[in-house]
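Here the chain labels run A, B and C in written order, and each chain numbers its own residues starting at 1.
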Amino acid sequence: MRAVVDPDVLARQAERRQVLGRWLAHGALGLGVLVFALPIWITLMGSTHDAATIGRGDVPLLPGGHALENYATALGQGGGRSMSTPVGGMLLNSAIMALLIVSGKIAISLLSAYAVVFFRFPGRMLAFWTIFLTLMLPVEVRIIPTYQVIVDLNLFNSFAGLSLPLIASATATLLFRQFFLTIPDEYVEAAKMDGAGPLRFFRDILLPLSVTNIAALGVILFIYGWNQYLWPLLIVNDRSMETIVVGLTKMIGNGDAQNEWNTIMATAVLAMMPPVLVVVLLQRWFIKGLTETEK
Amino acid sequence: MSTLNLSGITKSFGTTTVLHGIDLGVADGEMIVIVGASGCGKSTLLRIVAGLETPTTGHVAIAGREVTRLEPADRDIAMVFQNYALYPHMTVAQNMAYGLKIRGTPKEEIARRVAETATLLGIQPLLERKPRQLSGGQRQRVAMGRAIIREPKLFLFDEPLSNLDAKLRVQMRGEIRRLQQRLGVTSLYVTHDQVEAMTLGDRLVVMHQGRAAQVASPMEVWARPADTYVASFIGSPAMNLLEGWLAEDGAAVQLKAGPLLWFTDGPRPGGNGRPLTIGIRPEHVLREGGVPVDVELELVEPLGSETVLHGLLPGGETLTAKLPGMVPAVGSAMEMHLLAEAMHVFDASTGKRLEA
Amino acid sequence: MDRKVYFKGRALPFLLLLPQLAVTAVFFLWPAAQAVWQSTLQQDAFGLSTSFVGLENFAEVVADPNWRGAAWNTAVFATSVAVLALGVALFLAVQADKAIRGQRFYRTMLIWPYAVAPAIAAVLWLFLFHPNIGLIGRALNAAGVMWNYQLNGNQAMLLVVIASAWKEVSYNFIFFLAGLQSIPKSVLEAAAIDGARPLRRFWTVVFPLLSPTSFFLLVVNLVYAFFDTFGVIHALTKGGPGKATETLIYKVYVDGVDNLNLGSSAAQSVILMLLVIILTVIQFRFVERQVHY
């Protein structure tokens, strides 16, 4: 039994606790947002000043007047001292690689998930487990032999070499399989009654029903593809094939203070812009894709 | 002429047999309702007719044509599913047109038939809507429309009303019956609901454990149930089944509960003491004018126009009575009367009906 | 896990599976088998002949103090990243789950770093912590801390941990928030009526209900720290100074690509493969159990 306390006192305590909780939440989240945004802000501001300002160590917190010129330099010429590849071309390479990975992965996983879920045939489980096995073989643990395969197939320095080894993965297949299993049997039966064969059912019914899943997965895969690092680092040595993420780190080299930091910062902003925009603008798909692929 | 003939249909899944040889002939334009508790095999039978399952043995013939091994699409049938199975990404019009489109029907013809069917069902204003924008009853109509539009030889209904609320179910029941009679399409209708079965069917197939316990008109099933299962399944509240023995050289039955009931339609074969099961519908338990028996009342359910009483007979069997009007609860004991001329006689060991 | 209704046919499903199986065979199974095979081979000093040496490469790898150092670095690095990223994310998610204004704004502002490539995350933090041009780096030096991650191993480790965790907080935040939002309000209300105060409610009701999410995230974070952070380390420290930030995956790369010591690199790959397999199995065993939770 609690001692009898004046109800007004209890009410005031409750209110104080609630207000305190809200302030704590705003404070913590505000701080979080700040910490998360700080590196971007510094980079964004740095990209609007000249190289000398940054090189001197006067870290600018407000915009300067060199934005246009820095971004023009980055896009047109590149920012490294020793190796300068124009950022425009690298952005294009990254976009091509990312889109190839997105479309390739979605296409082959849709087909294989369809086969595994909607058919019965000998070797079905074997096929499923083979695909599942790829979950356990991230590219990082089979670097050298995969590299050799690429060289043997003459795919070095090619978009095929960049994207092909990355388009087979179990996660997309598992996601579609999971979704296909939730399609009511009656749709299949109704389609059979209507006279639709398997390919027709796939095109007319299954694909339209999968649109949201495809979109959600597409967002995740775009980020995955755009952000690839180790693989492009290995598979490309032709400067004109360089992707932006690898190209950016090459510009920095050993991190000399004499680097053209303004151009590098502009490049960094350009390099992260596409995936960040995708996440922010397509937030709903992104969260759906993320939380469903990982289940 | 679109008839349906099933002969010797069996179906086994692994070691379990769910259908033990079903024979059924359906006349042109007839509506057959397959009714039974869940797990009796009624849905499997329907799916075999649809071509969604293949029978282990036996043959299916539609309009005289053997279709046992044909795909559903090649059988010229249409089906209304329990959850309607409307394609969620297509409009009502597209849903109805899909089957025709696949069969390569010309566009103008499709448009004409969609319009016709929509008019018939009163769903013209819904044609451009998606299924999720429709109410349950509207979805039901669209599902019917999808079936009707194809002008099939045979309609199959798989518990189409079970997802609707009680009031709508009664309304749609009437609509289905009117539509079926108007179009004159041979139909097979599966349900677990005996009221639906009684009101819809020209004939019923009462299924029990993979067998057709009785195939007959609704009135016949009610008046002369073929066995104790059918007797207790059709009718609400369920028929009272009481223990008894043949007595008076086959002219009467001695109930375990006490009274001796004389057969009014003639003697039954077998010697005195042959075990029987006697069925008496709750409607045929009266307050007077029959053979009296003492009942210890347990529960009185007043339903307004009638009252249902549950009680115990001497000997411990339960007896349910449905009496017209309000019955005042008059203490715990009550004399009731069994209407001997309305009793059903079954063999106690086989459960089969014993005729005079 | 199977459908009751399906289509007939054998050739069609095989054709549908063919692209995925072909890519899997050529780029996954074959290279993985090659890695296992190469891990049992050794080349002579001139690369002229190759001989089968059984498990000798593994014995050498495990005995190598450099490898052990990398293993230790990986343990420290992965633990720090996971603890930091999970702790911060859980705290932020609990705050964001409260009924406050601007929830959507906070959420958007906290999830975008997920989109930033690990290598670029490294570059962004380099801009902050660079001893000469970085805001924080210069401030630390001005305050008398000798800050130079290019020379000080511990500082380098701290920097790669921060840069790696920063990005992963977003990911964990999304999952924790989804987990929190899926807890039925009635459960919390029941706890409130039982007299539990918010903090107690959190530890006795919310946290246990979140434990499947937490465990799942722990495994994901460890895998992330083991493999995906290659870009962070390569862009920021290249494993240095000395070998202070050389992790196992980085060493596989250095030995295989830079030093061309294929046998050893392959043996290290195989060890990492086993690690991934163990983590994956643990995760799926757990997910299976979670179904009955």
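In this section, contacts are C-beta pairs under 8 Å (C-beta built on N, C-alpha and C of every residue); 3 or more make two chains touch, one makes a residue touch a chain.
Source: prediction; values computed, not measured.
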| item | value |
| --- | --- |
| Innermost chain, taking as reference the mean of every protein Cα atom displayed | A |
| Per Cα centroids, the chain farthest from chain C | B |
| A-C against A-B, pair bridged by the larger set of C-beta contacts | A-C |
| Centre-of-Cα separation between chain C and chain B, whole angstrom | 61 |
| Centre distance in Å when chain A and chain C are each reduced to the mean of their C-alpha atoms | 15 |
| Whole-Å gap separating chain A and chain B, where each centre is the average of the chain's CA atoms | 57 |
| Sites on chain A at which at least two other chains make contact | 189 |
| Sequence positions of chain B contacting 2 or more other chains | 52 |
| Shared interface positions of chain C, touching two or more other chains | 5 |
| Contact footprint of chain A on chain B as seen in their complex | 50-52, 71-73, 77-79, 81-85, 87-90, 98-99, 102-103, 146 |
| In the complex, chain A residues that touch chain B | 184, 186-187, 189-190, 192-196, 200, 204-205, 208-209, 211 |
| Interfacial residue positions of chain C with respect to chain A in the complex | 1, 3-10, 12-14, 16-17, 19-21, 23-24, 26-32, 34-35, 38, 88, 91-92, 95-96, 98, 100, 102, 106, 108-128, 130, 132-135, 138, 150, 166, 169-171, 174-175, 178, 198, 216, 220, 223, 227-228, 230-231, 234-235, 249, 252-253, 256-257, 262, 265-266, 269, 272-273, 276-277, 280, 287 |
| Residue ranges of chain A touching chain C (in the complex, touch as defined) | 17, 21-22, 24-26, 28-29, 32-33, 35-40, 42-43, 46, 54-55, 57, 59, 61, 107-109, 111-112, 114-122, 124, 127, 130-131, 133-138, 140-146, 148-149, 153, 164-165, 167-168, 173, 181, 185, 188-189, 197-199, 201, 223, 226-227, 229-230, 233-234, 245-246, 248-249, 252, 254-255, 257, 261, 264-265, 268, 271-272, 275-276, 278-280, 283, 286-287, 290-291, 294-295 |
